[in-house]
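What follows is a group of structures, each given as structure tokens.
Here chain A shows up in two complexes: once beside chain B, once beside chain C.
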Partner chain A sequence: MKQLYYEVKKCLGCKSCEIACAIAHSLTGELFKALKEEALSLPRKKVSSSGDKNYPVSCRHCKDPKCVEACMAAALVYDKEKGMVLHDESRCVGCWMCVMVCPYSAIRPNIKTKIPIRCDKCKDKDEPSCVKACPTGAIIWQEEVEVIK
Partner chain B sequence: MKQFVIIGNSAAGIAAVEAIRQKDKASKIMVVSDEDYPSYCRCVISYYLAGEVKEDKILYRPESFYKENNIELLLNKKVIRVDPKKNRIICEDKSQFSYDALLIATGASPKFPENIQGIKKRGVFGFRTIKDAKDIEGLLPVTKTVCILGGGLIGLKAGYALKKRNVEVKVVIKSKQVLSQMLDFEGASLVQQRLEANGIEIILGQDVTEVIGNGDIKAVKLDSGKVLASSLVVVGKGVEPNIGLVKDTEIKINEGIIANNLLQTNIPNIYTAGDVCEGFDLTLGKLSINALWPIAVEQGKIAGQNMAGDNINYDGSLGMNSLEFFGLPVISLGIYKVKDEGASFEEVKVCDTKAGLYKRLIIKNNILVGAILVGDIKNSGIFLRLIRERINLSPFKERLLHENFGYPDIMDFVKDKEKIYV
Partner chain C sequence: MENFKEKSIDIATQEVLKKAKEENIKTAWDRLELQQPQCGFGQLGICCTICDMGPCRIDPFGEGAKAGVCGANADTIAARNLARKIAVGASAHSDHGRDVAHTLSLMSEGHAHDYEIVDIEKLKTLAQEFGIDITKTKEQIAKELSKKLLEEFGKQEGELIFCKRAPKKRQQIWKKLGITPRGIDREVVELLHTTTMGVDNDYKNLIATGLRCALSDGWGGSMVATDVQDIILGSPQPIRGKVNLGVLKEDYVNIVVHGHEPVLSEMAVKASLDPELIKLAKSKGAQGINLAGICCTANEVLMRHGIPVAGNFLQQELAIITGAVEVMMVDVQCIMPALQEVASCFHTKLVTTNPKARFPGVTHIEFEAKNAYEAAKKIMQLAIENFSQRNKERVNIPKQEMDLVAGFTKEVVFQILGGKYRATYKPLNEAIISGRLRGLAGVVGCNNPKQTHDYFHNTLVKELIKNDVLVLQTGCSAIACAKQGLLIPEAAKEYAGRGLQEICEAVGIPPVLHLGSCVDNSRILTAASYVIAEGGLGEDLSDIPAAGCAPEWMSEKAITIGFYFVASGVFTVFGASPFAVLGSDNLVHYLTHDLEEIVGAKFAFCDDPLEMSKMMIAHIDKKRKALNLKPVMYA
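Up next is the complex of A and B:
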């Protein structure tokens, strides 16, 4: 299954990925209309800097996901086939337990909608919107590589 | 083929069942519960009472779960005794079951302080089970005012729910602040303000001495002598672990059932997890009970794996909690109050009362040992990781509460390295 990787030296920290992500997850899917939506669509990816490098941070869809364990409303499940943590918004109560335990702080609360926001790999599209939006090709969408420990 | 018996059908019990079934599809698993409801989201009962979650969303696993996983579920059955010598459990109805490995995940029960006169009266409720929520809900048409005893998480969640149902809510708290088991005074004040701004009355520094009324409850009496009219009382005075079934057995107990780093009791084929389990606490450095859903799941999973033959070490739990009232998110991790001021604690603090923002990190010997985040809970997962992995903060200490602090700052220092940044 495909995963997101980042070639950090190419990342300029321009945040095009953040904007593309917010638009992709808005109701209208268009920038200027999205800005007028009642609950502003927030990016599921945030670029953080450390030293002189920039790192886009979003949900890793961990195989042993802490957020799923912590979810007291059974709104989160790990789907092995899809290799993704799936979120059932209809069950979510906005308790933020998932935010509390995410080892990457890659889940953020949307206080207004009471729903945590996290990367869903743009599940309805061929590739995540951030990949297309990155002007330098720093975001790579490819089959998972074996992690060498 | 083995026989696994799990006492308790909530977070820890279900996590254990799932862990056992991952490894062992054939053995017999029996789950015994003294409730009459299949596994449900216990922490969601306040949202149910508030009317925000309907009953069909409260089940923790689909009803088909037990059949699909080949589990014998015994509801409405209270285990009154564990007999480690004969490897069997004895129930209130005299039925007995034997086991090869046993998990005690009996949870905890609300405390009803006996020094409060009339605490056993009809109309006084704990707030722990779906039954409690339904019983309280049944009285809503005739309830104008509720009095909540205790300003902890349970009491406040019940208060929040009842306020949402247009009941007048008065919370009587013995200490000088709300949430004294998870927040310092400053953080608690912000929560209190938010509750009060939304119409919940908070009465601090007073205790209830008597519940007044014959038949129906009429009022509660405070130690100041004042009387508050109230027809319903919810008690949120903490919980006590359900250890009755192991008292006077060779299973070691303190406040809860004592667990080692494999979540085993002193009897090798008996395990314990969840709110009844007293295990190692990472921030306190000693045994403690951390009664919290995510910890119950974590412990239940490891206990289940070990029951099925693994040898997985549990490095310990720590006190943590997350909650939200009227749009104010709050997270507390590890040590939240510094008792011994002299002992080399450092702190980093951001406070903007007007914006409803308060953050405080407690540091000892360059290791994060606690965090309080009110109003903005960003990076709480990272703070939890810093606490758990005891990461030396020196390289990024001055950035901890900085706007742009994030995972990249700590990634070179964490235990499990990933390879997504190339």
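Up next is the complex of A and C:
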């Protein structure tokens, strides 16, 4: 099962991943046209800075997902096989509980559509669009590795 | 298997790209791939690096920053970025013009013996425009004229003399808007000033200053370049030539001239005919010396001497990859930094000649007007000596070459249409008025690997001539269509609509006319002014049923050309990506709508050549209707 990893030292904070993410989730899949779509596709990944480092932040698909626990509409489900938190948008009531409980602030509210915005690992593509977009290779898409505590 | 057809419609290009792939030589197309995806902020024009409080970016999704640290919003940032590009484009053409005028000056003082006044008529015509007494000796006239021309660059007040070539009404529009250019250098400097941190924050005002700067190029620097080149190198006449990589010859010493300033390449032409050098070449086992060109230097030597054209912008690396080029000598503009590495894969010697454009570690043979012929000879010798280093097994020249006719200037077109003894624009105007000709189109500009090479130029031009629009071309666009056989008289029968066909057959011209290099876009402006002066098609350039397009543009110079066309009243379509302005809705609306009310023309952005032709034809028809012209004869 593949996950997104980051080599934080390499992140220059260019935000190319943000733009690529928004385009990937737009209807047309093209930058110029995506900005004209009625329901604007927003980036599911945001680059934050802390100290002298930049951190591309998106849903980490935790094995023990707080958001799933907090979801009162059962719109969020953890799929063990895919290693992903799945979001059934039709069930979502826009209560923002997931936004509040996420320890990484990786889920953002889309006020307009009243649906939270979160990474879906570009499920229809070979690899998430942010990986290809990163000009320095700071975003890595690889098989999950055990992290020794 | 890579699809080379998606990269270019030109078979010669496809073949050499295949060879490059096999030999693992990287070209612009490969580097474009490595750049994917390209920066969204950059594409939208909303990244600002002007001051050190930044770099700042505006969030195109409207969630984050709406202003940079200084407070500049997307409109200001996009307009400033665009304005800077206009200034740079204008500086390139105008600095070229200055160098040519300087050569005229040196020549008139006896310091540039390799040049002479070739077109005395043009010298006198120009001198009269500047109020110089033409009864003096030609040397004296040249001296006074060059002084006046160089003064145009440093002028602080008044207006550029060439602006008087524009129809009265157009001049009034410029005056009313306060965009009449005052001095060539001043407009570039002033525009740059307005874009620095904390000066002009009004995108509309930035564009107005940009329009004035662009006019100082079109009706200034570029016009100086074109006209003085005609004086000292000769005015082009219709001439046959050949185009595409097939013009390189296997058993000859191949020398490719590339860049934009023809003052040196003219000497290269002369040196390539030098019997001693030819003898030297033969002594090294070659059949002789074969000179060919790339980009606008190619257009210049083609127009004046029929020197074959090896290709357009995206073929510069490919010419070297044929393995048959001994020397590629370059001057300024559009010379890819990548040439050095590509040349290092072969015996090819890259030679820089201009102190403004150097490569680290590359042979530099500096060219000055004083030593022009000597420098050219030295480069030829270097090429001849290099012939023995060629690895014959790696030579692979595509067979493709095509005939073309070039050399149509504003003077020549109308001699042809009107006859030598009654040279007049009347037949052209009448053709438009009667509806035999729908209108005119200028299709110009570069190549851009983001689009299928040459496809946009050819698809658009074929569609235009099919609809009885006479197409005027310059630069790499002209080379693109020449390669596909649109620049021969026979093309009229195959591709042109019935009305255009009748005209082409009657006077024996191709349906697509090659007017020269990209500084020669100034020829289109003066030609259009003559059309107005002839009468029957309105009082202003914006009245003419005409449109412009740069379908595969990439250079800042193309932006400037677009701006001086629009500022002169010509509706202009840009292909590839819009000029990095889409991050500002207000600016886009201003350029593509509001400008028409202000200067009588606007921009359009389009990425489909058939759609482009529809836009241009619709505009031409709108102008025909406004003039109450008869319906198009063979619609």
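Here is the rule we use: the second predicted complex is superposed on the first by the 149 of 149 C-alpha atoms of A that agree within 3 Å, B and C clash if a C-alpha of one lies under 4 Å from a C-alpha of the other, contacts with A are read in each partner's own complex, and residues count from 1 in each chain.
We take it that contacts are C-beta pairs under 8 Å (C-beta built on N, C-alpha and C of every residue); 3 or more make two chains touch, one makes a residue touch a chain.
The structure presented is a predicted model; accordingly, all values stated were derived computationally and were not measured.
Enquirer: Return fit or clash for chain B versus chain C, each positioned on chain A through the superposition.
Expert: The answer is fit.
Enquirer: Taking the superposition on A as described, I'd like to know which of chain B and chain C A:V8 touches: first, second, both or neither.
Expert: A:V8: touches chain B, not chain C.
Enquirer: Which partner chains sit in contact with A:A133 here, chain B, chain C, both or neither? Use first/second/both/neither.
Expert: A:A133: touches chain C, not chain B.
Enquirer: Of the two partner chains, chain B (first) and chain C (second), which one does A:I19 touch, if any: first, second, both, or neither?
Expert: Only chain C is touched by A:I19; chain B is not.
Enquirer: Scan A:A74 for contacts with chain B and chain C and give back first, second, both or neither.
Expert: First partner only.
Enquirer: Is A:P43 contacted by the first partner chain B, the second partner chain C, both or neither?
Expert: Touch status of A:P43: second partner only.
Enquirer: So in the superposed three-chain picture, is A:I115 touching just chain B, just chain C, both, or none of them (first/second/both/neither)?
Expert: A:I115 sits against neither chain B nor chain C.
Enquirer: Comparing chain C with chain B, which touches more residues belonging to chain A?
Expert: Residues of chain A touched, chain B against chain C: more for B.
Enquirer: Taking the superposed arrangement, what is the smallest distance in Å from a C-alpha atom of chain B to one of chain C?
Expert: The answer is 9 Å, the least C-alpha separation in the overlay.
Enquirer: Could you pull out which residues of chain A sit against chain B in one structure and against chain C in the other?
Expert: Correct list for chain A: none, the interfaces share no residue.
Enquirer: Would you pull the chain B residues touching chain A in the complex into a rising list?
Expert: Interface residues on chain B, with respect to chain A: 11, 15, 41-44, 47, 52-53, 57, 59-61, 293-294, 297-298, 301, 320-324, 327, 329, 331, 333, 377-382, 384-385, 404-409, 411, 414, 417-422.
Enquirer: Which residues of chain A touch chain C in the complex?
Expert: 14-16, 19-20, 22-23, 31-32, 35, 40-43, 132-133, 135
Enquirer: Touching chain A in the complex: which residues of chain C?
Expert: Residues 36-37, 39-41, 43-44, 57, 60-63, 577-578, 582.
Enquirer: What part of chain A is in contact with chain B in the complex they form?
Expert: Answer in residue numbers: 3-8, 46, 48-50, 53, 55, 57, 60, 66, 69-70, 72-74, 90-91, 93-97, 99-109, 111, 114, 140, 145, 147-149.
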